[in-house]
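Shared between the two complexes below is subunit A, which pairs with subunit B and subunit C, respectively.
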Partner chain A sequence: MTTDAQATSMEHASQSSHGWLLAGPAAFALLALIILPALSVFFVALTDWQFGARTFSYVGLENYHELFADPDFYKSLRNTFVYVLIVVPGTVLTGLAIALLVESDRTLRTFYRAAHFLPFMATLAAMAVAWEALLHPTIGLLNQALSDLGLPTANWLRDPSTVLVTLAVIAIWKNLGFAMVLFMAGLKAIPRDLYDAADVDGAVGATDRLRTVTLPMLGPTMLFVVIVTALRALETFDTVNILTQGGPARASEMLLYTLYVESFGYLQAGRGAAITVVFLIIVVLLTLLQMRVMDRRVHYS
Partner chain B sequence: MSVRSLPWPAAVARHSVLIVTAALMLLPFVWMLSLSVKGPGEMFRSGFALLPAHFHGLDNYRAALTAAPLPRFLLNGVLVCGSIAILQLLLCAPCAYALAKLQFKGRGALFALVLLGLIIPQQVLALPLFFIGYRLGLLDSYVGLIFPFVISPFGIFLLRQFFRGIPDDIVHAARLDGVSELGIVWRIMAPMAQPAIIAFLIFSVVSHWNDLFWPLIAVRSESLMPPALGIVTFRDAEAGTDYGPLMAGAVLVVAPLVLAFLLAQRRFIESLTLGGVK
Partner chain C sequence: MASIALDRIAKVFTRPDGSPTRVLDELTLQVAAGEFLTLLGPSGCGKSTLIRIIAGLEPQSAGSVSIGGQCVDGRHPRQRDVAMVFQSYALYPHMTVEANLALPLVMRRLTALQRAPWIGRWMPGYRRVRETIDRDVREVAGALELTHLLERKPGQLSGGQRQRVALARAMVRQPSVFLMDEPLSNLDAKLRTQMRAEITALHRRLRTTFVYVTHDQTEAMTMSDRVAVMFDGRIEQIGPPTELYARPATRRVAEFIGTPQINSIDGIVRSASTIEVAGAVLPIGTCLPTGSVVTVGLRPESLTPVERAGATVLLGRVQRIEHMGADSYVYFHVLGQARALVLRTSAARAAGLQPEMVFHVATSLDQVLLFDSQGRAIDSVVPQIASVRSFR
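Moving on, here comes the complex of A and B:
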């Protein structure tokens, strides 16, 4: 007869071997396809390796020096930040406004939610082709409508002064529904008695309730949506690749597109890896910030 | 925010704003559909006509289905997304179970690696994965489209969270009944975690159906292209402004997910918000 302690230790021993049997394949794939490749990028960035070349040599931080001495790379970095700075407030504020409106009543709530969410899940590559038709300088719906109204038209995707904003508008169109859904979840989490308390304190009008209860309580959600939207904007690639190829005159070239062209267009693996590292650092900093915010959100609730 | 219904002026204001914003959101879809049934001449004339003067839809859709290998693109999409989803589940579920319910050496370290993997964006891996694919001769093949995604840290994380919520007693009882550990994963845990599994599968299929970045790197042959890459290739081949067949193609690429979304709105929204903030 075995004692409880023996039984427990036997079960532990069998769990230990089963643990790795069950987790092994996933652990191997995780290492081989994600962790080690990600680490290898840091090493490749220290070499002058080109795809197809048999040899390469260690060049230290040369790739990074070249990158930050290159006005084209600065342009790409600058475009990315300007674009993120348009997309984030555009997405977050309209997303919040629409969430508040949709949630303020029951009628047609499901329809409005679906209509605003649809662009978030529709294949962006195909929708970019539709946007191109909408924005066509002569037969596009937008310019026809503008000229019918007597307003000035533009060649939205071919004019350096409008192209980045146009791509940002497409990104806002795509991500707005996502922000809306996150805000709706945030709204649902606000305890009902806070509104009752606000009523007692004399906050009777809708704007009063918004100012004293809703917006302050949405603070953590807001911060969270800002970071998530910034991350999504940073990862913009499809629209640039399909609609502008970074042009005209690099006016819409952004980080991920530069990464793609250097790595797979010019096959400059070393340089591409250095850009990848820059991209990774920005994304990881934002993600760590997001985790802190999420952590705090959990503590609050 | 409020259960009482709005006073009517507020209700009217709410609808007038939301109808306009909803129409703007749907405009690219509507315009795409409208162009997909118009003839080549009509696009230059009609300004706002949503419906065509002459219904050209059959010709356009036939052109999209025959002149371009569109059915092939869609089939590739089903094949690639299906394989990725199944392989991800096969790898992730046992690992998630081990992390949630078994005591073993290195469990903490493995979970730390999963969290690390969760942070790393897929685009960062493109360069090394391209090299691995090149060395192993996997590029320009279905395997090349699938192999980078067989593992999903998000899938492991999500299922682990869910499995942790299932009482240990159920696991013990199954062991006493002589069910193997793998049997516990698939016959006991998986059915109980069905909502999480469905959420994960939706997220996985939507992400890979819509993915352009990796297919652009991994394949050259038109016969292997998944839908997103296929429609871009179709557009590049289509010189000029005969939008009809191209828009018909775009409609066919977007339609499967949109229809699925309309049928299961709540599940889609839950799944994509979960995955989108991972």
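Moving on, here comes the complex of A and C:
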């Protein structure tokens, strides 16, 4: 009896040690690369540590108090949301429209797909230079074209009223191909029979077909594209840093750029960590919200 | 209710490598108004393509389609007054059963403005039309016992219920032609039997023209007024189920219809009134010259184990026996045939047989089918005495 029980418990022990051995590398990597850094951010946010300093002291929620009393932080927060609210619908609608157009005709499909996907593959830092040349107030192609057509021009990246929209357009241009490719895959997955049924049932016009079959069946793809685009827009940093440095007058300063300036410009690591925590909470909340809202209206067949 | 006439329909697909494939070949077919016609054939014979051409979902390469005496070539499915039930049911997964059933009516009775989202319901006349739609939907739901499922979505229904919703959606508009493309293939055997009866009853009640595509001969035999057997894009034979079974025009039809499959064995014409088959000489007359090779088709139920030997009796060795309950299938080898033959007899008669046993098999001569070397049926003359004896 006892030997039996001992044998079983030894077997258990060896099984669980095997388990740990197998899970070990992944668990260690997870701990070292994600969990510990995240925890350290939460911790740093509670201190007055300056980047590179040898000492620091615990300040409790002081960083958060300062942050929420700072009008510049609110401005950055507001800019971020406005930017996301332009980029997400812009990307989804144009991506969907282009996917529908490309799918509707077989000719040159691969070319269009590759052409629209190119900006997504390219380094935005390099592309930003091209955009800067394009948007230059006097010798930029855009303004020259506008003035040739007799339309009003603007100093796109230096005018507080246009800078955020301009950055949003660049982001749409970049994410468009990604959304398009996903939508094209989604369109391919719609059963042919449903379109046939729509034909026989009399849903013939483009809008009727979109509403009866295409859009509802694209629900899961739509959910995915919206979430991914929103997250990517939230963490925009490269265009701001290269093209505007948050200016003019903080009109294009967004959360991640503020975080960067606080942490590595002013070396206020504690404050930067507090912004990171706020950023993290926003991302998590947004994801949960989207999941909940859209899951109810999405139909996984 | 409308008749359908297909006149020399051809369909040629182009393969990816550019070479053409002929799927339908000069196919002509008339379906009478109110008839239940089944297109039966193995997969790839073109039957689904044909029904899609009738529906207008696919254009034919040549030939013309008339429905109710009117040529409908080039017309959109919507304008052909047909309804179709798909193998996958093709229900809109995001809509309730009620919305699924209402859709064909919504698309036809409401104007584009009345269908518009949000503002549609405020358009003049919306409520009146909507009431007629709701009434018709409830009526058809009642007829197919779907009333308690109206609020559900297709994902929450069983296969049989989805099938019924698909039927109801086809019925709701009262089309003049019903097209069904393998509607029962996704159901389990028991449900299939039940739905077979329901569809037959539906046809009897509606008296609408039904065109039904299937590869399942049981469905074709049990439901149809007439069956068109298709092979390689042509109709091989068309006729009532009993005729197809009793007088198949070709060997392929004979082998396609009937379970277990008909036994086809080679025989030689010995004289104007006898044929030698597997060591036995059957008193069957043909007009073929002596020495010709023919294929003799023996239906499993036309073979019976008997006690005594004789010139017209085959000698068989039992390979295996399948007991089906009331009936038994006996697989056995005969002289000179590599493939086992099968006979179907009552369980009582098969009781005495065991594997490896040698036994005698009598054939009902009036049920013997003969085919020439091209597989075409040929007439046979059976002596009166033999046929009288074979009445059991």
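To be clear about the criterion, the second predicted complex is superposed on the first by the 255 of 301 C-alpha atoms of A that agree within 3 Å, B and C clash if a C-alpha of one lies under 4 Å from a C-alpha of the other, contacts with A are read in each partner's own complex, and residues count from 1 in each chain.
As a working rule, contacts are C-beta pairs under 8 Å (C-beta built on N, C-alpha and C of every residue); 3 or more make two chains touch, one makes a residue touch a chain.
These figures come from a predicted structure and were not determined experimentally.
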item: Touched partner set for A:Arg113, first subunit B, second subunit C, both or neither; value: first
item: Partner chain in contact with A:Ala197 - subunit B first, subunit C second, else both or neither; value: second
item: Partner chain(s) touched by A:Val102 [first = subunit B, second = subunit C, both, neither]; value: first
item: First (subunit B), second (subunit C), both or neither touched by A:Thr212; value: second
item: Subunit B versus subunit C, judged by how many residues of subunit A each one touches; value: B
item: Partner chain(s) touched by A:Val278 [first = subunit B, second = subunit C, both, neither]; value: neither
item: Subunit B versus subunit C as contact partner of A:Val226, first or second or both or neither; value: neither
item: Contacts on subunit A seen with subunit B and repeated with subunit C across the two complexes; value: none
item: Residues of subunit A defined as touching subunit B within the complex; value: 12, 15-23, 25-27, 29-31, 33-38, 40-41, 44, 51, 94, 98, 100-108, 110-127, 129-134, 136, 139, 141, 144-145, 148, 173, 176-178, 181-182, 185, 187, 190, 195, 206, 214, 224, 228, 232, 235, 237-238, 241-242, 256, 259-260, 263-264, 269, 272-273, 276, 279-280, 283-284, 287-288, 290
item: Complex interface listing, subunit B residues touching subunit A; value: 1-2, 5-6, 10-11, 14-15, 17-18, 21-22, 24-29, 31-32, 35, 43-44, 47-48, 91-92, 94-95, 97-99, 102-107, 110, 113-114, 116-117, 119-121, 123-132, 134, 147-148, 150-151, 153, 156, 181-182, 185, 206, 209-210, 212-213, 216-217, 227-229, 231-232, 235, 241, 243, 246-247, 249-251, 253-254, 257-258, 261-262, 265, 268-269, 272-273, 276-277
item: Contact set on subunit C toward subunit A in their complex; value: 52, 55-57, 76-78, 82-84, 86-88, 90-95, 103-104, 107-108, 112, 115, 117, 153, 155, 169
item: Touching residues on subunit A, where the partner in the complex is subunit C; value: 191, 193-194, 196-197, 199-205, 208, 211-213, 216-217, 219, 299, 301
